[in-house]
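Naming follows writing order (A, B, C and D), and every chain is counted from residue 1.
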Amino acid sequence: MKARVLLFARLKDLAGVSEAEVEIGEGLTAADVFRLLQGLYPGLASYDAPLAYAVNARYVSPEHPVRDGDEVAFIPPVSGGGTCTSR
Amino acid sequence: MKARVLLFARLKDLAGVSEAEVEIGEGLTAADVFRLLQGLYPGLASYDAPLAYAVNARYVSPEHPVRDGDEVAFIPPVSGGGTCTSR
Amino acid sequence: MHIEVTAEPLDPQRAVELVRRDDAGAVVVFLGVVRDHNLGRRVLYLEYDAYPEMARRVMRELAEEAMGRWPIVDVAVLHRIGHLEVGETSLLVAVSSPHRAEAFDAAHWLVDRLKERAPIWKKEVFEGGEEWIEGELPSPR
Amino acid sequence: MHIEVTAEPLDPQRAVELVRRDDAGAVVVFLGVVRDHNLGRRVLYLEYDAYPEMARRVMRELAEEAMGRWPIVDVAVLHRIGHLEVGETSLLVAVSSPHRAEAFDAAHWLVDRLKERAPIWKKEVFEGGEEWIEGELPSPR
């Protein structure tokens, strides 16, 4: 079973890659796949900020099951838009 | 004593002129000058909507005294901007 | 601050450039546009009349008041007069600020006040007639 | 509805044209602009990273939600990615509506939601270093 993983922003810098195909076991959740990546890319072990998860380009909970062929994205806190703050 | 009078929008159409020099007496108010104009331009007699007054390009009350050389503008309800309504 | 009453077409890109500063992260632009219908009538075009010197003064005073009320960086207010076709822009308000909430609030406030106080009038020419639109009666203050 | 994630410069005039309709009397445009300082640091430039396919989906879903919440006519959301200099526009939101209050409210709401949910990130390059800015953590819903 394989999943395509996507890393963005600081995660991409820490891992040194922005995407990869990884072999995953049965019954893994999105959060499990991140722990698996922390083993494959030791730079990710130091990531200590909150994390959101997307499977096939939709936000999911950390417990969301990952299936064969899924695209799993790890989403640090987002910061799009301009550099204005809200108030 | 003279004043320069300015008429806009519907007032201009009713009077048939947009500005005039008029001879005024001592102690007239802005509202008095409008009544004087209604005598000079009979079309203005039919104007029945609310009216605001400006002397020398500032809004004033109807009782504001008009002095020699003043520019007196008669301001129907305004409608600048686009054609959107507020809600 | 930039204030303009003009018969020339209004350009939103230019309004943005007039207020943009390197220390402002947000720009909000409002465009008042001539609509193709009003009060159930099909509008053919509009004619805007104004007392230009006084309109500029009222616009400037309101822009100054907005800059006192909100921590905004700059304001541009441009009003077009004369003949306007459907789809053309009659009013452009642009506000820049460090924070977006202030730019939205100040631009909205300015548009509302301008429509209440600027000595500018529109005549609607529709199928079968024409009429001066009478909106808000300004009061002295 | 128009949604775009692009490395090309964003043009407010084009955003206005994308949403303008003959039955909409108001257009509100928001520009998010790169500021020359942040958190007391002098910013040299920004790099925007994105998950483009998902960013487009999130932008489209939020635009649809705005069109359901307010009686607005059309929405355009454009986000630039890649290298942006100080003064350049990173986000453009344009909303058209018959009534101005709705255009202001919907545009403000959309900008707030986009900053919370769109999978887009900026790296600030300032004098003496660089840092990925981490803002809002999106939640599933």
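In this text, a contact is a pair of C-beta atoms (placed from the backbone, for glycine too) under 8 Å apart; a residue touches a chain by one contact, two chains touch by 3 or more.
Note that the structure is predicted; figures quoted are calculated from it, not measured.
Comparing chain pairs A-D and A-C by the number of C-beta pairs in contact, the larger count belongs to A-D. Chain B and chain C have Cα centroids separated by 24 Å.
Here the CA centre of chain A is 47 Å from the CA centre of chain C.
Of all residues in chain A, those that touch two or more other chains are 82-84, 86. Annotation for chain C: residues touching 2 or more other chains are 24-26, 31-35, 98, 100-101, 103, 111. Chain contact topology: the protein chains form a pattern that is neither a line, a ring, a star nor a complete graph.
All chain pairs that count as touching, in label order, are A-C, A-D, B-C, B-D, C-D. Interface residues of chain A facing chain D in the complex, by the touch rule stated above, are 6, 8-10, 12-13, 49-54, 57-61, 64, 73, 75-84, 86. Listed in rising order, the residues of chain C touching chain B in the complex are 31-35, 38, 43, 46, 48-51, 53-55, 57, 79, 89-91, 111-112, 114-123, 132-141. By the touch criterion stated above, chain D contacts chain C in their complex at residues 11-13, 16, 20, 22-37, 86-87, 96, 98, 100-101, 103-104, 107-108, 111. Interface of chain D with chain B (complex): residues 24-26, 97-103. If you check the complex, the residues on chain B that touch chain D are 82-87.
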